[in-house]
Structure formats: C-alpha cells, structure tokens
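Here it is, the structure, as structure tokens.
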Amino acid sequence: MEINGVEIEDTFAEAFGIQVSRILVTAATKKLAKIAATEATGYGTSVIGCPAEAGIDCYVPPEETPDGRPGYMIMICNMSKKKLDHELLERVGMCLLTAATTAAFDALDDADEKLNVGFKLKFFGDGFEKELNIDGRTVYSVPIMSGDFLVEGEFGIKSGIAGGNFFIMGDSQSSALIAAEAAVDAIGAVEGAITPFPGGVVASGSKVGSNKYKFLGASTNEKMCVTLKNEVEDSDIPADVNGVYEIVIDGASEEAVKEAMKVGITAATKVPGVLKISAGNFGGNLGTCNIKLHEIF
Amino acid sequence: MEINGVEIEDTFAEAFGIQVSRILVTAATKKLAKIAATEATGYGTSVIGCPAEAGIDCYVPPEETPDGRPGYMIMICNMSKKKLDHELLERVGMCLLTAATTAAFDALDDADEKLNVGFKLKFFGDGFEKELNIDGRTVYSVPIMSGDFLVEGEFGIKSGIAGGNFFIMGDSQSSALIAAEAAVDAIGAVEGAITPFPGGVVASGSKVGSNKYKFLGASTNEKMCVTLKNEVEDSDIPADVNGVYEIVIDGASEEAVKEAMKVGITAATKVPGVLKISAGNFGGNLGTCNIKLHEIF
Amino acid sequence: MEINGVEIEDTFAEAFGIQVSRILVTAATKKLAKIAATEATGYGTSVIGCPAEAGIDCYVPPEETPDGRPGYMIMICNMSKKKLDHELLERVGMCLLTAATTAAFDALDDADEKLNVGFKLKFFGDGFEKELNIDGRTVYSVPIMSGDFLVEGEFGIKSGIAGGNFFIMGDSQSSALIAAEAAVDAIGAVEGAITPFPGGVVASGSKVGSNKYKFLGASTNEKMCVTLKNEVEDSDIPADVNGVYEIVIDGASEEAVKEAMKVGITAATKVPGVLKISAGNFGGNLGTCNIKLHEIF
Amino acid sequence: MEINGVEIEDTFAEAFGIQVSRILVTAATKKLAKIAATEATGYGTSVIGCPAEAGIDCYVPPEETPDGRPGYMIMICNMSKKKLDHELLERVGMCLLTAATTAAFDALDDADEKLNVGFKLKFFGDGFEKELNIDGRTVYSVPIMSGDFLVEGEFGIKSGIAGGNFFIMGDSQSSALIAAEAAVDAIGAVEGAITPFPGGVVASGSKVGSNKYKFLGASTNEKMCVTLKNEVEDSDIPADVNGVYEIVIDGASEEAVKEAMKVGITAATKVPGVLKISAGNFGGNLGTCNIKLHEIF
C-alpha cells in the first residue's frame, strides 16, 4: 500500500491501555497559558522512566473557554489510577497554581470516574477559598499571592490508549526529522491525542530486555538503528534508509489515536526523501489494541 | 533604599542548600536543543511537590560547545544526592536521549563529586556503544534509532543554593507580571542561575503549616495575597499594591544567586507601576544563607 | 453599557475602504510556514508610512490545505489596486518564493477581481516552469535552487475594511498591554481579520495635522497621551487611567471587522485593571463605515 | 579543502557595497523587543525587490543597554543613502514608535556619517517632545498614547558589505535545510552580521537576465536547481546532491561577513548528509569584494 507514493508497510502498532485525564489551562494571554501548560506536561515522555506521559493537546480560543480567556488543553496519563491522582495533584498544584494568571478546568468527555484534585487543592486557601459555580461546574477560588487561582473540583479520568505509533524512514536523518515534525503538526489538529515525546518526536527505539546486559529491562533495538544497519546481521533498516524517527501517540480513545496516526502518516509522506512508513509492535500479544496501518486509511 | 525610584525593603531572602548539576544539551539546531532542554526541565518548579527543581540556564552558540553545535545549559537540582542521581538518569535518559539529534555534556565547574549517569546510560546500547574521547572528556556513543546519542560518562554535582528570591509589588497585577518577566529576562544573562517556576515567575506564596487545616504542611500566605489585603487583619500588602509576583532563583553558587537577584531587581524596577521590592524568609533560622537585599547592590 | 463590568463608551470606530488580498502560505512544517508568513507581512503596519498593511490571519492544519501541508493565511492590503499588485508581486516573489519549502495559494472568497501575480512570477522559471492543475486551481511550478516553488496563477482582491479599532484604557500601562494581548489572541480566531501593528498592538495614536509644526500631516494625539493627561487642558484620559493601547483591525469584510472588535473587546475586559473601552474616529465623515461599539454586542 | 569531512569548493563569494545602519531596540521585556524588531525588519530580504535588506543581529541583555531594558540589535541596509534615510524614518516611525514600550538607540560603531532620523521623528510630539541626555546620547522623548517613546536623535550609517554567501549542498533537501538552520544559528553569535532572508535561509538562486524571456532582469539559475539536474546539460548539481540552500549575509564590515561565513560553514558541515559547500559569484568583476572560501579558515 502506498500513500503519496510512499510505501506503508503491512504491519501494526501495538498499543496499551492507560488512564487519561484532560485539563483546560486558561490564562490572561495565550502565551501565559502556553508557559503553564508546557511546565505541567514536561518530564512526561514515557512512564517507563517518567512519572507520567503528558502533552499539550490543542489551543482553545477565548470565546470557547468557560472563563473567556485563551487556553490550552493538556493531557496527563498514567497506567495506575493512584499514580495519576498523585501526578494530577502535583502537576496542577506545583505547575499551574504557581503559574501567572492561570485557571484549570476539567475537559474530559465521557469520564469513567472523577478524581477530586481541585477539592484537595482548595485547602491550600487555608479557609479563604471560595466555592463557585461556573456554567454548572463546581470550581474553587483559592487566594494566592498574585490574585485568585480557579480550579475545578473534580477532574475526570478514563481508559485511553498509549503507545499508538509509526516509524518514518527517510533517505537522510534530516528528511525523517522534518517529516516527523510535519506529522506532529498534523496530529496537533486531532482532538484528544498527544505526542508526549520531546517536540512530539522519538529518536530512539527499544526492545524488551538486552542480549548482553542481563540486568537491563530494555535496551536499544539494534535492528532499527540506522548507524548499525551494516553491522547487525538482520537489520530492519532498508539499504537506502539513513534516518528513522518514531511518532508515539497517546489518546483519549482508540479513534483519536487512529485519526492521529492517519493524518500524521499522510503529512509525513509529503516530505521529499521519506521512503517508508512502518510501526512498532511486540508480536501482538502484549498490548490491548493492535492498529493495522493499512486499515486506518 | 531605592533603585530607580522604587523602594527596596530592608529585609532578606532566606535560601537553602541544594545539590546542583549543570548539563549542556546540544543538537543539530538551536530549536531542537531548546525542545529537548524544555522537556528535560519540565515539572521542576519546587521539590516540595516536583521530583526536581530544574530550568534552562543559558544558550551556548555552536563555536563554544564541545561538538560545535548549538546548545542550552540546563540545571537539575535536588536536596538529596540519591534523588538527584535518579532524576539525572531519568531526565537525561527519557528526555534527552529520546530527543532528536541531541547530545549531553557535563557543564559544572568545581564539582564536589561526580555521578556516573552517562556510564549507566551507555548500557542501553546493548554492546554496540562506544567510548570516545572528546576534548579530554570520556563520552559514550550509544546507537539509537535515528543515529548515535552522545553522553558524557560522568556528571558533576555540587552544593548550591535554592530559594534565592524577591517579591515584586505593583500597582496592578499586570505591572508586577511584566516586571517579573523583565527580571527573568535579566537573570537569563547570569551564568549558573535558573528561575525554575513556570516562565520563571511565581504566582503563589506559602507559609509553613495552616491555621485552619491541621493536616496541611503548607498553605497560602494570606498576608501576601492581594485579594485578601482588606480581609485579613495584618496584611503585608500596601494599600496601593494590587499585584505581587515572586522570582525564585536556584544557583550553582551564592554569588550567582546574588548576581541574579541584583540584575533581576534592577530590571523589575524599570517597569512603570512597580512600587516596592521585598523578599521572603522564615525568620532566618531555617535556611543556610540569608541574602540581605540592601547588601547585594 | 458595560461588558464584564467594564464601561464601553458610546462612540464609534471610523473605518475606511481598502483593497484586500488573502494568501495561504504552506510549507513542509508549521514553523517554516510561519517564518515565511512573518517575513512577507513585515513592515506592514499602516499605509501612512508602510508600503502595505499586512498580517497573519490564522493557521491552517495540513488536512485542510490544497497541498496537504501546514499553512498560514496572510492578508496584504493597500488602498490602491496598483500598489497592491506591486506589493503582492514583491512580497510573494521576495519573501515566499525565497523561503524554504513554501507554496502560495489564493485564499480569498468572493473576490472582486483577480491579479495575475503567479502568472508573472512563473517567468522566473526561464522556460523550466510548468503549469499544474491542483483541485481546479491553475498553479505554476517554478524550479528554484532547493526544489520547486508552487504559486497559484491568480490572486483575488476585494474591497475590504481598514482601521476598525478600539482603545483599551487601564489603571496601568501593563494592564492595558496585557489586555491588548488578550484581545489580539481572541481576534486570532476570527477568519478574515488581521491586526497589522507589531504584535497586533498599537502604542501610539495620531491626529490629523499638527498644532505646532505646520509641515506635518499627522502628529501625536495629545489628548489621548497618558503622560500628558495633567499637562493638556482637555485630555481624554480619565484620572485613574495610566495606560492606553489601541487595537487596529483590517478585515476582508465589515462583518469580520465587527466580529473581531466584539471578541477583542470582550477578551480585553477580562483582564484586571481594564477600566474603559473606547474607539477612534474623525467625526464620522471621513471613513466609509462607522462601527458603533454598542451595536456590535 | 575539507571541513569536518565536507568538501569546501575552491571558489569565492562575490559581495557588494551597501549602506548599513544598526539600531538597538529595547522594550519592557525581551519578547516585546523581539516583536518590534521583527516587524521593523520584515519585507527586507533583498533590495532587488524589497525596500531594504534588514534583519536581527543579536540579543542584548538589560544590563548592557542604555536604558537597562532587554533589547535586540537590528540592521537596516540599502545601496542608496537617500533610500536608507527613508527606510529608517518609516521603519522606526511605523514599526518601532508604534510598538508597545519600545525605545530606539543608535548602535553603529565607526559611522561614516549620521542621519537625523530621531530628530525628524520628534516632531510627531507636536511640541510636547523633550530632549534628554542619556549616557552622552541626545535622545528625544516623544509622548505617545501609551507612554513616551525614546528615540536617539541621530543614527549612524557606514559602508558595509551585502551578499556575502555560501551554498550548502546536501544528499536531501532536508539535510541542506537543517544545515542551513545550523549555519544561521552560528551566525547569530557574530556581531554586525545579519542573514536577511526568511529564517536566514535562501531557497532560490538567480542568474542575471533570462535565456528565454528577454524582458526579465533576473531568472532562476537553472544550473543550480536540484530538480533540473538531469534536465539541463551543464548542471552544477553533483549527482548525489538533492537539496541546496544558500545563506546570504550582510555585514557592517568585511570582517564580520567573513567571520559569519566561517562559523556558518563550520556549523553546516556538522549536519549529517551535507556533501559540499560552495559560494556564488558573477565572475568577480561585478562586486566590491571577493571572499575566497579557502581563505577564511
């Protein structure tokens, strides 16, 4: 199968279940909202080593937010509800409450359950906090040094999908990289999907365990390393490929992840020098959902 | 005392000891280095709730880096050496190694000791890693999907200073906020100092414990809240002040923190509507160093 | 009349007719498209002194552009069709054709007429240019050093509106400035409207002619200068106002300008310290359309 | 000759004389200064079609500016002194005076002569302007709506160099593009040098006249077009090259241009896939200075 003349390998992305939250961060200006959203979603590439997977979903203009100010949707995810509860408390409390002019609203449709993050944070007000009702939402107003921080009482969480992915193979490292940026740009327009790695792009790939170091849980996937293509016997890197980047997607639903993969792959194939699109899986028995590349188009 | 016609209160900032690391992140372009540096220093405002205090120190042009590529200096800090070791391993491994085209070099002068972060990360190469010598540094080249990730074997750490600070009081919330941005801009030119909160600016202030909720370790400092100035009896907010923001500084040395406070305060006083500069302390017996505002000028 | 507790003066903005073009600039990535769009719309605040009025209208994700790449809508305007023709030729030829990976498509609905800008630019190909048909558009492919530049043969122009405006008066310069940024953020979501001044914000206001220097066509409007409010006899600055910024809007239609004024004013009134909204006019007999502030809500 | 393993062709860049000005734009914050500097230097790629060649030279931190606020150095250039005078008046008057919180200072060392740009602009104050002395500079304070605009009375100009250049040839369009970005990043650290094209990168190359269309003064240099390498007989594009970008440099001195070429080329050669560096000339008899690539290292 080809898209824009680029081969789409007949394979699948193996994705996993994850608990997802979605928060709208508003502020006085778009720039201030972005600063807060960026801090709150940092150090959030993969739960293998980070305390959460997190990213900015999309921008929301002032007319469409509960408080009439510009905002960014962010998503914070973890496999464990308990850890997600902790992360929400700390990321909202340390990175949004402390940021200039911000407010935080629940923005998850169809939540499976609610975590009372804002209710817990209101106690920071030491009795000076107030309960408000904004458009039917219970919101707490917590006095802080610079003004009042508004935070919704409850944040919804639901079962979502982590690890939707595809590989972009290019004739050079730079071709694959610019195509990866184009893919991230396209996924930016898909609601409910984030690309949690730095700039949305993943430079490294892992395999489970290690052949040489038995104490390791994961190590480089040498068959997918461009600089090893002539060194390892059974490299998966085609001869004309000199650059590979991966896009990893977390989504509030399988549909959001599939849509993100579709528009991301399509955008990537528009960049000259992109030779092939593939995807990562572990044989299909580990993950909760296998997304076949050929079936999303 | 006055600077540019603005009153500098005769008080002091109470700062604390912290373990500091400083890493140079280089990449193919300035923009790519910034993306990686931002991810690696996110979720890093205060160790009260974040796993580290972290931020970008300064930009370094290509001619001045070990690999001739543009880079950003970042600082990652924690009270505990053990926790800092963990944070370095995860933030470098999950946020720099995974970022496009990056390399990571030790950039701390006068280290007290070295942590073998890069040595540990090299095992990810599963035997395909190589040891290089770059300008006398031991650097590991780890093959990853998109190319090779270079990481220095050891990263220095040293006793530094956390919690250098000052308050900017303005006639409006916006005056204090723009002055805070100007202060952060000025501190950007001080080597070895970061402002770890979102955008470098702190919107909230705490007191130890809580008057109302006994289970809390910290709560809002109601005496410093502008919206409570007519509500609490002994407010510290002058009648004409309607906005307060704090700048918090972590530094590799007391000198760097003092210099940052000096240039930051000076820049803040240039903004119309700034009425007073103060600083935060706990009486002077908790911290490791008390920095008197009047003595840094 | 009040919006969010802020007084909206019972006055009107006096706007003028202008010839408007609207171009979609696409590129390999969102960032590259932004770079080209910014260069092409620079030096374009007011035709009083600039060769055009120009700005970025909005971002368009890859799925919604003719070539499946991310893009920005830009608008370039001039009172004179002949001058607009010249500006289109030079701004597209010097700032888009020369920019990395770009293409330029006509994006004006309901054009009054068409200018054959792309047809003229195709000759740069010196015989190597090709005529393509993309979704029914006649597009020229011009070989340049780095690849092929695609440009639509004809760009539509129409009678639009220049000089839609409102003033934001704040208790401090910074309050008015942050409110102005919020207004620009809100207007960013209105299709067919740009705010051509630097960052969308106007720091200065003019009156026709000069009282002191007879050779001047325009001079500062001293009645609207905050630093002169106690110096001139009949200042229009209320006693409690210390900052005024203006938002100037050009639009493809009167409706777009009115919508921009509405959402911009609404967003501005959300910022603490904003005291009053007004608008600029010359008595109502100079412009082609008078937009009453009270009638747009 | 090779730099970092990349062939540097034994050729030269043919550069031209140009009149150069250099202005320091300060503002309340770094971001506000950048907005003004960007507007004032837009539509300024080449005097072939733009009214000036212009760009941002470098950032200057608050401690190093005359008014203690963050600033950007910009350069505005034109072959003709008269046109440069006009451009300075309009770009400063329409793009800096109108921008929020800005001031404009002369920043050219060793000026050949002075243009009284600020003296002319002061009349906008209609008699309310004041003459100040800041660090020995004559500066006018002009009351505008939002406060006072400071502008130095005279701006220096001098004979500088336009059209310093080099070509980056890569195995793919993307390799050459990322290398071009790296080159621009490196040149950013050279004082007195700008890269006036969009993002500093030039996607197109011209030859004098046209083979097919006699009415053209310039047309595409088909021998340097990658998509024509198999179509034209005597292409200058090596068989393995699929992307070419040019960096064009304007400088306040020949030394600045040479230094910019040196650090730019060095940075470009660090990007994987860069195969060759060349430069553009017209035989050597047209320009005022021929810069041999092999002599700058």
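Just so it is clear, A, B, C and D label the chains in written order, and each chain counts residues from 1 on its own.
In the analysis below, a contact is a pair of C-beta atoms (placed from the backbone, for glycine too) under 8 Å apart; a residue touches a chain by one contact, two chains touch by 3 or more.
Worth saying up front: this structure is predicted, and the values here are computed from it rather than measured.
J.: Touching both chain C and chain D: give me those chains, sorted by label.
T.: A, B
J.: Let me check something: if the centre of a chain is the mean of its CA atoms, which chain is farthest from chain D?
T.: It is A whose centre lies farthest from that of chain D.
J.: From the C-alpha centre of chain A to that of chain D, how far is it in Å?
T.: Their C-alpha centroids are separated by 38 Å.
J.: From the C-alpha centre of chain A to that of chain B, how far is it in Å?
T.: So the centre of chain A lies 25 Å away from the centre of chain B.
J.: Any idea how many Å lie between the Cα centroids of chain B and chain D?
T.: 34
J.: List, in ascending order, every residue of chain A touching at least 2 other chains.
T.: 28, 31, 147, 173-174, 177-178, 271-272
J.: For chain B, which residues are in contact with chain D within the complex?
T.: Within the complex, chain B contacts chain D at residues 4, 28-31, 61-63, 67-70, 147, 178, 181-182, 185-186, 188-189, 263, 266-267, 270-272.
J.: Within the complex, which stretch of chain D touches chain A?
T.: 31, 170-175, 177-179, 242, 271-273
J.: Under the stated contact criterion, what part of chain C meets chain D in this complex?
T.: Spelled out, the residues of chain C in touch with chain D are 28, 32, 35-36, 38-46, 48-51, 89-91, 93-95, 97-102, 123-128, 142-149, 167, 173-174, 176-177, 180, 197-199, 201-206, 210-213, 215-216, 218-222, 224-228, 231-232, 243-246.
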